[in-house]
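Order of writing sets the chain letters: A, B, C, D and E. Residues in each chain are counted from 1.
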Amino acid sequence: AESLSVMLDWFVNPDHGPIIVAAERGYFTEAGLDVTLIPPADPSDPPKMAAAGQVDLAVSYQPQLYLQHAAGLGLKRVGTLINAPLYCVMADAAGPVHTMADLRGRKVGYSLAGIEAALMQRMLRHNGVDPAEVETINVNFALTPAVATGQVAAVSGAFRNFELHQMAAVGHQGRCFLPEENGVPAYDELIYLARADLAHDDRIARFLAATGRAAAEIAADPQAGWDTFRAHAAELDDPLNAKAWPDTWPHFARDPAALDTARYRDFGAFLVETGLIPTAPPVETIAVGK
Amino acid sequence: MTVAIAGQVWLGGRPLVAALDLRLTPGWTCLLGASGAGKSTLLRLLAGLPVAARLEGTRQAPDRIGWMAQADLLQPRLSVLGNLRLMARLRGEPLPRPRAEALLEAVGLAGRGADRPEALSGGERQRLALARVLADDAALVALDEPFSALDVPTRAAMQDLAAACLAGKTVVMVTHDPTEALRLGDRVLLLQDALLHEIPPLPGPRPVPLSDPGLAQAAAALLARMRRP
Amino acid sequence: MSARIWPVLAIFALWQAVCAAALVPAFVLPPPLRVFETLWHERGLIGQHALTTLAETGAGLALGIGLGVTLALAMALAPWLQRLIGPVLAGAQALPVFVLAPVLVLWLGYGLGPKVAMVALLVVFPVASGLHDGLCATPAAVLDLARIARASRLRTLLWLRLPHALPQGAAGLRIAVTYAPTGAVIGEWVGASQGLGYLMLMANARMRIDLMFAALLVILALTLLLNRLTDRALARAGL
Amino acid sequence: MSARIWPVLAIFALWQAVCAAALVPAFVLPPPLRVFETLWHERGLIGQHALTTLAETGAGLALGIGLGVTLALAMALAPWLQRLIGPVLAGAQALPVFVLAPVLVLWLGYGLGPKVAMVALLVVFPVASGLHDGLCATPAAVLDLARIARASRLRTLLWLRLPHALPQGAAGLRIAVTYAPTGAVIGEWVGASQGLGYLMLMANARMRIDLMFAALLVILALTLLLNRLTDRALARAGL
Amino acid sequence: MTVAIAGQVWLGGRPLVAALDLRLTPGWTCLLGASGAGKSTLLRLLAGLPVAARLEGTRQAPDRIGWMAQADLLQPRLSVLGNLRLMARLRGEPLPRPRAEALLEAVGLAGRGADRPEALSGGERQRLALARVLADDAALVALDEPFSALDVPTRAAMQDLAAACLAGKTVVMVTHDPTEALRLGDRVLLLQDALLHEIPPLPGPRPVPLSDPGLAQAAAALLARMRRP
């Protein structure tokens, strides 16, 4: 079997469903692949490691891809893991924030994923709020506690499939404002990256096919998918993951290699508008796919 | 005030003092004996300090004791003056500056108050330690070889100073110098073969003048006694 | 033994009281009884992750102490080395893990390597700094002996300076040992799928705060155990 | 001065060589010249964040040293306190920031508070541990003086034990000072919108690796400066 | 081998030795003087050790020097035997076990080899320091009050031991005991008023027997000389 190393965006969680299920059900082996999964604690590491040739594939975020390109990492998107935004701005449903406009003059916490600030600023503007009227604080590890304890009015960077359940777990109800409903073009939350010279590697094609097969099977029988997933490691089998699973699996890309060129072009244009990058790279230079 | 120590002193299985029955009265008691005989141990027992030896017996001593150890125990981070005042500070009593200055002057260290102990010569350190115990003004004073690092004239001067300052107190002093013991001692004890031997003291007032012909004679006799056990 | 147990009980009582008085919500600080319950229920899971952390800590401690002692001796022997290594050692303490992580991974991969390196990095500085401070504080009178003997630097170091530096070296070691388990936990941030640091981070993200605190208790116990063992060993060596 | 500059130059030369030899890609470790360029271009931004970190470090140091000395003295005075505080202090070193973060924020908000607390937490342990170790190592002969004087614990501590413990206290302080800026950086992870730690995290997330390293250089410089100032002050005090 | 020191010794603005011109020959040179006169300083200068004073002049001395300081400089973390061997270890030479044992026995510390120095009495510590310098076997030996903590019989025994062990060497010894100086000294020097005064030595072989009537007489004369400057 040929070896293939894949660096996840973070520790294993339901977002990685197709990869874990494909591994557990032996689809990688069937495809002649010996896949090594590496879970980092810092989501900004995987692209660097892929660019440095330390791993073959990295799981990362579509919005980050443009920044990575600007930083000269020389990576290309080769596939999609989660094909919809998971990001949201979350407030406490019992609190005073009913619409994005209510954030005016309040504190918003965020975790530094790199691009969140741009997303939220667009969402605020879309609701007629000048971002300068909102005080932002990097709360790093503690998104849910920051909202639940009322330290901030809302947090940017919550994942709608997780943080809402987290809020419920601590006896609060969360309210999510979605970027795609607030002026941000749709994007792929999680994508696979590879160095440009590996982008057409056959191993990657086989890897994507195996995960696509797993995604399709999960969609056909989500409960069986969950059972396979939670068997991967003891610490994965917990109530929160169980609750997140039904909110997550519908977004697994069933054809991971498929590339929606317009989506990548539009998001690039959006980032140029926000001023985060000077010019949008042509889609061919940052993504391959069919 | 009763100062008494009685019983036996054991070091491991060996008796340092086989039969001890010592009652001290005001005045100087001088203790002689071979190196390693147990003089310092006895002094520490009397002062209530921890020792490696074990006292099987009783001890009676006042609460306030003056103590000058065989090592000078000067504190390197305190100045000469600070060292002089140390005991007073530990007791929580003031040592008035004029008194401290006078004592420094008396031991020949006038003007050295601000120096560190490391800037003192060996004999100067010993004189500072002496000044410290003189400043302490205790009713029972234990001195362990207090003049050993001094030249003869300075030594005589310091003996006179100590005798004057400690007049009326109960003083017990360890020394290796028979002349010193006889000159100052109202009582002279020799620790030999694990027993305390009483040596007849000289007549007359203390300190015995150095020119007293009886002093040299008695010292020679004592020395002879120390040589042949 | 019974005297030892009181402070521990006092702390848990205080903790329970803080939680009972609702001064802190349970999702920030769960009550100790619930944490113990979780600790018991998840003992298999926690135990297995604890073994990993223990191994990382042990290896890193050995490496860090060895390196720290070596560096302290080297710096004491060659002052120019001190000028070079001293700032590097101090500076290395200020490198945040997210800066180090990619470099460590690039050079050491994802196995035990980066974790052991992190522990060693945290341990080496207090050991080297404490021992070096001690080596530089030999009383002048003692060095007279070396001068008289025309002793080489190495012999002076070994026979005069080192014995005098042992108490300060021990003080540095006591500090270092306390940081060792923390180093392993930080090391697991570099990327891990095992270890208590991984488990805690994971539990935190899943809002399984009780599990996080259960793992934390184990790390605390490990830290205190290491502390006590070090104290014992040093006391036996007369330090 | 010129002797001091060599090691620094050597390190930058080595760094430049490592980058030139492409041992590490520029997006993991950018070449120093590019970092300096960024440092210069972004001096306004970095300077403003550095001021925040400096303030946090200073306040935390003052608090941590004060607390550390107080605790060491208290533990030396009352052995039962040592049994209570000793383990708590050591244990506190093993609390990961993501456990502390919610508690700190709940109690201290998002301002200077949690950062100062983090610095103090990192500083207090080496100071207290070093000084306490020193206070417990007073030579027996010196304590004879206290026995003779029937000195109270407090007077014994002040006049005999403390002077003897100063060198070990100084060793602890030297270690502690090195951790102070790190403490501020970690504190900024708890939640911040200012400071070099915040800037580095942001730069890292935005893939502005050169900016991250520029900020890191400033933290390193701050650490080394603090180190040197401490050395000077201690040397002047004869330690 | 030439051992010489000449010039002036200044401590701050004060001359410790105003006119120094000392040439040492094999045999014992004994140095007396008041406490704080500068004896230790002179000895340290001769041995090439750092001093607070400043020598304006020249010094000539061999490379290998034996040295016994006024403080015993025993290392608390080394055993008695380890302390005895310390100089040999620092020099990188072996001190054979039998020689070490013999020396311990000679200074009365047989069987104490494994003890820590803190378990020794004051005089025992000094004897250990003496044994260390005797083990060192140097051609020039400097001793700073080497017998000050010993009782008279032990002191005489140690003087005899030192005289025997150091026969043929160039020895310079500081002492406060005139008898000791005259007994051992082929040359006796008195540091007084910042000048080195030559005291006529006793005739006959060294060490002068303690029973020699000339010894006590000469000692008394020297003492008188020390008293009135």
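Note that in this section contacts are C-beta pairs under 8 Å (C-beta built on N, C-alpha and C of every residue); 3 or more make two chains touch, one makes a residue touch a chain.
Model, not experiment: these values are computed from the prediction.
*Asks:* Applying the touch definition from the top, give me the chains sitting in contact with each of chain D and chain E.
*Replies:* Common contact partners of chain D and chain E, which must touch each of the two, are B, C.
*Asks:* What are the chains that chain B and chain D both touch?
*Replies:* Correct list: empty, since no chain touches both.
*Asks:* Quick check: more C-beta contact pairs at A-C or at C-E?
*Replies:* Contact tally favours A-C.
*Asks:* Please work out the Cα centroid separation of chain B and chain C, and write it as a whole number of Å.
*Replies:* 51
*Asks:* Centre to centre, by mean C-alpha position, how many angstrom separate chain A and chain E?
*Replies:* Here the centre of chain E sits 84 Å away from the centre of chain A.
*Asks:* Indicate the whole-number Å distance between the mean C-alpha point of chain B and the mean C-alpha point of chain E.
*Replies:* Computed value for the inter-centroid distance: 26 Å.
*Asks:* Quick check: what residues of chain B touch more than one other chain, meaning two or more?
*Replies:* Within chain B, the residues that touch at least two other chains are 71.
*Asks:* For chain A, which residues are shared contacts with two or more other chains?
*Replies:* Within chain A, residues 42, 44, 48, 52, 141, 145, 149 contact more than one other chain.
*Asks:* In chain C, which residues are in touch with two or more of the other chains?
*Replies:* 25, 28, 98, 102, 106, 201, 204
*Asks:* Every touching chain pair, please?
*Replies:* A-C, A-D, B-D, B-E, C-D, C-E
*Asks:* For chain C, which residues count as touching chain E in their complex?
*Replies:* It is residues 140-142, 144-152, 155-156, 159-160, 163-164, 166, 238 of chain C that touch chain E.
*Asks:* Write out the stretch or stretches of chain B touching chain D in their complex.
*Replies:* Chain B residues touching chain D: 47-50, 63-67, 69, 71, 73, 75, 77-78, 86-87, 89-92.
*Asks:* For a test of understanding, state which residues of chain E touch chain B in their complex under the given definition.
*Replies:* Within the complex, chain E touches chain B at residues 32-36, 40, 52, 70-71, 108, 119, 121-124, 127, 144-145, 148-155, 176, 178, 223, 226-227.
*Asks:* For chain D, which residues are in contact with chain C within the complex?
*Replies:* Going through chain D, the ones touching chain C are 3-4, 6-8, 10-11, 24, 28-29, 83-84, 87-88, 90-91, 93-96, 98-99, 102-103, 106, 125-126, 129-130, 133-134, 137, 167-168, 170-172, 174-175, 178-179, 181-182, 185-186, 197, 200-201, 204, 212-213, 216, 219-220, 222-224, 227.
*Asks:* Within the complex, which stretch of chain A touches chain C?
*Replies:* 7, 10-13, 37-42, 44-45, 48-49, 52, 54, 141, 144-145, 148-149, 162, 166, 169-170, 233-235, 238, 240-241
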